[in-house]
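Pasting a structure here, questions to come.
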Amino acid sequence: MDFIGAYTPSHLTFLLEGFWVTLQVAFLSIVFSFSIAIVVGVLRYAKIPGVSQVLGTIVELIRNLPLLLIIFFTYFALPEVGIKMDKFWAAVLALVIFEAAMLSEIVRSGLNSVEKGQIEAARSSGLSYVQTLWHVVLPQALRRMVPPIVSQFISLLKDTSLAVVIALPELMNHAQIINGRNVNYVIPTFLMVAVMYFVVNYALSVVSKRLENKHA
Amino acid sequence: MKANKLWKKVAGMGLVLMLSATALAGCGGGSKTEGGAQGTPAAAGAGTLAKIKERDKLVVGVKYDLNLFGLKDPATGNVEGFDIDIVKAIAKKVLGDENKIELKEVTSKTRIPMLKNGEIDAIIATMTITEDRKKEVDFSDVYFLAGQSFLVKKDSSINGLKDMQKGMKIVTAKGSTSAKNIRASAPDVEVLEFENYAEAFTALKAGQGDALTTDNALLYGMAKQDPNYRVTEETFTEEPYGIAISKGDAEFVKTVNDLLKEMKENGEYDKIYEKWIGTKPKK
Amino acid sequence: MIDFSILFDHMDMYLEGFWNTLQASLLALVGSFALGTLFAIFRISPIRPLKWIATVYVEFVRNIPLILVVFLFFVGLPAIGIVLEPFIAGTLGLTVYTAAFIAETIRAGILAIPKGQTEAARSSGLTYGQTMRYIILPQAIKVVIPPMGNQFINLVKNSSVLGVIAGLDLMYFGDLIAADTFVTFDVYIFVAVFYLILTLPLSAFVSYLERRLAGSR
């Protein structure tokens, strides 16, 4: 093990450059997948004949597939049918597809946890069904969803590392390039990489706990 | 309060739009599967030259992990090697400036999809010309002639194909010709394939294989990087490298071929060859 | 349309991969259940050092990517002289990673058992270990069966990282077939079907268990 050789300033900057890409991929994927998940979750909760079942089936299929397969699929298979994008967006798309399915399930069960009595009360006080969803059910459900959603975000950040298989220049890819130089760099480099993921994820989970306590 | 409501409306509409776009993209993709496989690649491939001139930049897929051919230095961020010098020569010929280039990292597995994607104008990434690949892309004339051999530990008893024995583990990269060749030439050994050669070399160094097999040209670069390894002398295949270009773009292929001929005649090719490989090319 | 010859011509590879995926998942399930239970008990035990070790392990591993753990076993261990077969390195990585999640699941299960039971058991003369073994764990296991089922589904899905280190699983062989034939779209669809054969029945079973558990309350 060679900590001094592994932690040269140029190696550390190289890792940070990779981490920056990781964070970008994660941020975009969170924004898109969360938006889609709310729509899908609400549509499934609303039990619209046909739509809810179709969405339910799609979500169930995606949730039961490995993310790695979806990454290979968006990057290698979609171009075959004419849908082309570069590595970065292929990784984002794969993450959005997968995480939106996971998150929509959280959104749906969050909505289901709001007592039916409240909906009836809101409706009888003159609100429309959509108004009731938007002003009464969704805000309460979102608050309850905070812990599972944040832990899904943590999963997402970790999952971005799978994009190493399509050589996206993110943290794990940069770590492997450094590892290729000398076997003695492997453990120190992985240790540094682990610390980087840990710091951000742990911070996220602390924030989540704070939010939880505030609302409880 | 009002602003808040408006924002919610806009956000809601945006989401619906995004979702329907995703759904539409899915449908479009589905319908194309039926006839699209044989489609009309000629139309898609033509006009690369015009595209390059319009953006005033040549975008080429090269390797980032191959010493001597295409290697990215983490310290400087520069990619350097034999392939890169060929890229520069093309840029100089087409755009008049060898620095008007953009390099994108490819692996053996990603390069054909990326070219078909239109992400890159050409592949210059130690790519062997094969009949199978000719169905997918067009190739220039041979720009480098390599042959497959083995990278082994200095003290290894392996000196060539004849030393391959049952139970040996040979590592290489997914989707490479090297994997097919070793399976055909030494059916007894176990072949383990990794995402790219860097991962394969890391696996070899980690003791996960007895030898790494691929073209000697690449192996020399790895041996240079780590003096504990050597390249076996004998080669058991001929690997003619070509520059891959979108199918049907005869114009661009001709430009590249003319340039290669020119470079071989005026000695520029020999200069680049010697700079990286250390010897003069065999005639 | 989908080209089924790509499926039938390479059936032996798909099946070998499928079998190895199943094996890796089952081995990792057994291993991570054992390790996870141990760490769960450590984490709630009154012995401080054990508690610290378990807490650090669970919190650290849960917050780093699986592929990092697997790479550590595959190329990290050899740096200190331990070389493991790709399949074994991958399965061990999966085990160590999943154990952290299972430890949390089981800890939650144990904490769901009313404190009074522990006190009653202890005051009737049982040791801490005995209380855990005979009173708390059997009840906790019942509560944690559905979440454990979810962990197993995750394991099957996560086992696909073996494909990255030549672990001879379904993902690895699928990827080889795709790289060799260039018919990536169809190959990945078939790979997906093989994964669904494992995960869909499991997830149906888990939601059945969840409904039953919810009903019995």
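Going by the order they are written in, the chains are A, B and C; count residues from 1 in each one.
One rule holds in what follows: contacts are C-beta pairs under 8 Å (C-beta built on N, C-alpha and C of every residue); 3 or more make two chains touch, one makes a residue touch a chain.
Quick caveat: nothing in here was measured; it's all calculated off a predicted structure.
Using CA-based centroids throughout, the chain positioned farthest away from subunit B is C. For the pairs B-C and A-C, the count of C-beta pairs in contact is higher at A-C. Centrality by Cα centroid goes to chain A. Averaging Cα coordinates per chain places subunit A and subunit B 31 Å apart. Here the spacing of subunit B and subunit C, counted between their Cα centres, is 36 Å.
Distance from the subunit A centre to the subunit C centre is 20 Å, each centre being the mean of its Cα atoms.
For subunit C, residues that reach two or more other chains under the stated contact definition are 75, 78-79, 164, 175, 184-185. With touch defined as above, residues shared between interfaces to two or more other chains in subunit A number as follows: 76, 78, 80-81, 164-165, 176, 179, 183, 186. Within subunit B, the positions touching two or more other chains are listed as 33, 109, 113, 195, 199, 202, 205-206. Chain contact summary for the complex, subunit B toward subunit A: residues 8, 11, 14-16, 18-19, 22, 25, 28-30, 32-33, 36-37, 64-65, 72, 74-75, 105-107, 109-110, 113-114, 116-119, 195-196, 198-199, 201-202, 205-206, 225-226. By the touch rule above, subunit C contacts subunit B in their complex via residues 1-2, 74-75, 78-79, 83, 86, 164-166, 172, 175-176, 179-180, 182, 184-185.
Contact residues on subunit A toward subunit C in their complex (touch as defined above): 1, 60-61, 63-69, 72-73, 76-78, 80-81, 154, 158-162, 164-165, 172, 176, 179, 183-184, 186-187, 190, 193-194, 197-198, 201-202, 205. Here subunit A touches subunit B in the complex through residues 10-11, 14, 32, 35-36, 38-40, 75-76, 78-87, 134, 164-167, 169, 174, 176-183, 186, going by the rule given at the top.
Touching subunit C in their complex are the following residues of subunit B: 33-34, 108-109, 112-113, 132, 136, 171, 174-175, 180, 192-195, 199, 202-203, 205-208.
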